[in-house]
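Note that the chains take the letters A, B, C, D, E and F in the order they are written out, and that residue 1 is the start of every chain.
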Amino acid sequence: MRPSNRAPAQIRPVTITRQYTAHAEGSVLVEFGDTKVLCTASFTEGVPRFLKGQGQGWVTAEYGMLPRSTHSRMDREAARGKQSGRTQEIQRLIGRALRAAVDMKLLGENTIVIDCDVIQADGGTRTASITGACVALADALNWARAKGIIKANPLKFLIAAVSVGVYEGEPIADLEYVEDSAAETDMNVVMTETGKLIEVQGTAEGEPFSHEELLAMLELAKHGIREIIDVQKAALS
Amino acid sequence: MRPSNRAPAQIRPVTITRQYTAHAEGSVLVEFGDTKVLCTASFTEGVPRFLKGQGQGWVTAEYGMLPRSTHSRMDREAARGKQSGRTQEIQRLIGRALRAAVDMKLLGENTIVIDCDVIQADGGTRTASITGACVALADALNWARAKGIIKANPLKFLIAAVSVGVYEGEPIADLEYVEDSAAETDMNVVMTETGKLIEVQGTAEGEPFSHEELLAMLELAKHGIREIIDVQKAALS
Amino acid sequence: MRPSNRAPAQIRPVTITRQYTAHAEGSVLVEFGDTKVLCTASFTEGVPRFLKGQGQGWVTAEYGMLPRSTHSRMDREAARGKQSGRTQEIQRLIGRALRAAVDMKLLGENTIVIDCDVIQADGGTRTASITGACVALADALNWARAKGIIKANPLKFLIAAVSVGVYEGEPIADLEYVEDSAAETDMNVVMTETGKLIEVQGTAEGEPFSHEELLAMLELAKHGIREIIDVQKAALS
Amino acid sequence: MRPSNRAPAQIRPVTITRQYTAHAEGSVLVEFGDTKVLCTASFTEGVPRFLKGQGQGWVTAEYGMLPRSTHSRMDREAARGKQSGRTQEIQRLIGRALRAAVDMKLLGENTIVIDCDVIQADGGTRTASITGACVALADALNWARAKGIIKANPLKFLIAAVSVGVYEGEPIADLEYVEDSAAETDMNVVMTETGKLIEVQGTAEGEPFSHEELLAMLELAKHGIREIIDVQKAALS
Amino acid sequence: MRPSNRAPAQIRPVTITRQYTAHAEGSVLVEFGDTKVLCTASFTEGVPRFLKGQGQGWVTAEYGMLPRSTHSRMDREAARGKQSGRTQEIQRLIGRALRAAVDMKLLGENTIVIDCDVIQADGGTRTASITGACVALADALNWARAKGIIKANPLKFLIAAVSVGVYEGEPIADLEYVEDSAAETDMNVVMTETGKLIEVQGTAEGEPFSHEELLAMLELAKHGIREIIDVQKAALS
Amino acid sequence: MRPSNRAPAQIRPVTITRQYTAHAEGSVLVEFGDTKVLCTASFTEGVPRFLKGQGQGWVTAEYGMLPRSTHSRMDREAARGKQSGRTQEIQRLIGRALRAAVDMKLLGENTIVIDCDVIQADGGTRTASITGACVALADALNWARAKGIIKANPLKFLIAAVSVGVYEGEPIADLEYVEDSAAETDMNVVMTETGKLIEVQGTAEGEPFSHEELLAMLELAKHGIREIIDVQKAALS
């Protein structure tokens, strides 16, 4: 039995609010149950030096948690003077996943910076971030097309993500914090709306997992992500 | 004429939403017009080393801006590896102001950390932060009293803050961004509900200001802060 | 056709040299073809503060590349003053994988620090690191048993790792640098000698990958890791 | 009664020694009683990148305390690897105050860097710094005019500063260390030789202060600064 | 011919002013011609952790240059966030030299921190620092004896230092800046009042030097240091 | 009697292995007994900004110790976020010594970066580093000549280094760790194949040393370095 009484395959309610803040070209509040992440996409002309003159664009991402987004207060990374390994790992994942969804030639020599800032954390912040960031990215690209900065839409497909895991011996989808911290195995899956895989990251937190468990988790992830992509599509229409 | 058509003494609509996030002992979203700041107060038992064994508590504050809270994206301080001088100046101001409102003996050997994170910026983020943080602080203190951790209420009085300035030759209250960036003089005032001053910081951005202008700005500040304290009281009741 | 003329499932020659340096309790040079990593395991009594008094041990890992282990010289991280996100991601992976192989209760309040330093890089440094580090860890644990510091062997099973990927449309095992930099998909798999999974990290570098490609890569990984574990066993016997 | 037997409005003896060191274009040792600060002004052609091509100059300031300028030794900020919030707040204040005194168009595309290094501290180091720095600035500007680098004098007016406060219930001027650390209220005022205000920073250290106390402190500040500006003028003539 | 018309063996006028600042237990301004360094010795009870309980003391040193002590302004190390390699090398040399002059058992579990801050630089700042720091150290030790904190005098002997070099083919003593920057060889020598060597650091800046040149430089150093030790003795008497 | 039964003047076996790793233009493993250092020389076209357009090259060096090259594990400098003073001192010494051996005009506007990474430490890592780096440098210069990037050979002469010291009252050559940590005096000497001195750094670790001891140590250094240069020549032929 899951603490929230959810069925094993049942994801939390997913809400996507566009134009959540005023200044960013794309600004989305994404909620997976009690996990709330503000995702902004900032469009700027020009590319980092290593890409100059190649006729292609760039997408990168940064991630942060507000100090009291968590049960007990975390140190502010800006005050400590460095980002944790976990933060860097997550923002590298977000950036990599979104780059896989963008045709960099169609983007032209423009850069999109994604910022995912966790307002409230209850498990699954990285998968919520990818999900919300994809919608913010779509908005920023539409903004640039409306402005005439880019012509064709560089977004190849929507992507979304969900966490799956093995909890008390059973595969479950979209782990909340109490499940996550007790899970034997934790896996994050990023998938396209066409059902292809972008990223699969499975980790044995306690016991090693079997091939069969991996397949069961993947199956849950596919179903969950399809539902989440429907929410993205509804929000964007 | 002010860009927003406000009268010189007219402050923006001030909104205070308590329990904005779930985990913090005090959590407040404060809005001064389009400026939105999330203020949390985290209560922890124990004090920093320099205060141990003295039977008194501590209140400190940290401040940050989400990278895209502003018109163009700012660098993330956690990624740059240090807080700017402006950030440090503001968080020192917030902490100092709130400490003036707390009886540290009544707080006992407990610490409250205030986090003010700007979600959306349109001028006056430091005065909004102080205003919201005071309500979050009140909630955290009430939480600790309800828990029996502290007995009497250490909050001596409410405090609130507003910015005033000289804009196109005329003193005005509660500057929004376009006014702030064009003002000749900028002053931040922190005041108690009893009408006493906690902090006065006036700066000639362009031309030096006269004693008379200082008095006129102070007058506007007093009126504005009184209105803001009414909003605080309504929110807390 | 692979640049090295290897068959798709063929891994590079794997060599494990124990007692490569004199001071560490475990010291292994691991070679996957031209990739050479020095893995040391340092045994110290005591645990980090967050574990004190819980009767269990700790295993952690650090990773580095010598500046000229690569084709063109990389900046020295010590001189730049920080470890890159990639470095942190890799050392977190190594530590997590090895912790899954150790019974922390049997380790008692002792700490093992793994250092993986890349002497020469030709792809697959993280999988070579995990493979070599597991042998260094085994040696350090044996050292501690011989000294009487620990009684039973905390090593639950050997673990090893290999990279797999999709290169020119075909799944291949143990990518060397030229393959890695051109692969459409890259996956790192960590497995136990009992055939269970510890970590699966698959990333679409170019095109998203299908469920079938994932399964094919997993199959290659299993075969490759079994061979590598045989080399570990031979080295340890 | 003040510890030094001074009358409430009485400032300490102020001494200004020009050409205190050999290399800087302006070099001043300023003393407010036992507080001694070395202020240098370094003139360089060119401006920071954000000002290039705008036909105007820049003035900036840095502040530091020698580790044993204080009663007990302070950590050296260069060794700790960062400047404290207090240091940054003070150097921002010094730079802002001096920029208000300079016509940036007349300065042309040239930069003046002010360094204020406290040799010995006894309260009021920031106000002494501003006072001494203004004279060093004047010397550096005169040096540039003598060299023909700039034509007209960009210095609009002299500025000076003094601290005032409420100590044992009474407003006093130019607080020394023992007064400063016991004051209920502390205010720093920067004023021009024409009697206009550049900066007013009043802080309730203990009890909030009244409007009347603010006015009384301002009055003391004006008198004190007038005396200090006389010392500046005598030094410069 | 030396730029200053000095004879090859002739050192610059050396001046030592004790009690130059008020707070430090030892405070000395040392001048070697136009090179001026403020050396303070701070006495504190207790020792760093690695020495606790061993019944002996510790002496350490830090070095810094005021940003405009030099011809053109140097970056402030506190603002850059780290000390240069040159700074660290010099402060390690100063600390090591002074430790050689102190009987750590007689010092007891007390620490002396030496700060050498260059007010004005004209070559030889490290040798002037050692020379002045030794006198400041003597004063701090005398202060501690007068206070009864230590019984016997831990200072085994006075030490002093001078730079020597080969300039235009000829060995010379006490190089000033213009000589130093053109010298083929540069050597710093630290010696005791008993004529024994504490440190010899000779470097070929241009051409390698011969054994004979080394001997000639050593000879000059001995004569120079003897004169400087006479100045130390006069200052201390 | 030396712990290793060596005669006072006897150096440890010195081994130089060229082409130790594959990517660097020069790559040398140097061994002085149990001390093993990997020295690479990376040749790149272009020079640092401060040398641009002057028609001359640059040689610089970095030094590091693998965390478990020592008896007990040292902190990884990349993880701590800064290089120690010792590390910086050593890499400055290595760079300075090698620059003295290179004709920068003949090198042209090219840069060589030397990396010395200690694989296993048993005393004398800095002198082994200089010795090995000189051979790696020679290889990198030969590589550049073979490529036609430079015409004439910029290497003016071979250089090598050895440590000498006073141990139990007697001068000895090439100290290993147990000798080094107990020596009264420690001296590092860098010499050319023509018998001239590049660097002499003698330090009294315990008691000051006499002029005669200095001469005796220099004599041992000369003999030792001559032997080491023979090994360099044999390796290069």
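We take it that a contact is a pair of C-beta atoms (placed from the backbone, for glycine too) under 8 Å apart; a residue touches a chain by one contact, two chains touch by 3 or more.
If you're wondering where the values come from, they're calculated on a predicted model, not measured in any experiment.
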Graph distance between chain D and chain E, where chains that touch are linked
1
What is the minimum number of touch steps required to go from chain A to chain F?
2
Could you work out how far the Cα centre of chain B sits from that of chain C, in whole Å?
50
Cα centre of chain C to Cα centre of chain F, whole Å, reads 33
How many angstrom lie between the centres of chain A and chain E, each centre taken as the mean Cα position?
59
Residues of chain C touching 2+ other chains?
81-82
Which chains make up the ring, in order, starting at chain A and heading to chain C first?
A, C, F, E, D, B
Seen from chain D, its contact residues with chain B in the complex are 82, 85-86, 88-89, 91-92, 96, 100, 187, 191-192, 194, 196-204, 206-211, 214, 218
Which residues of chain C touch chain F in their complex?
21-24, 27, 34, 36, 38, 40, 42, 44, 62, 64, 66-73, 76-79, 81-83, 87, 113, 115, 117, 119-121
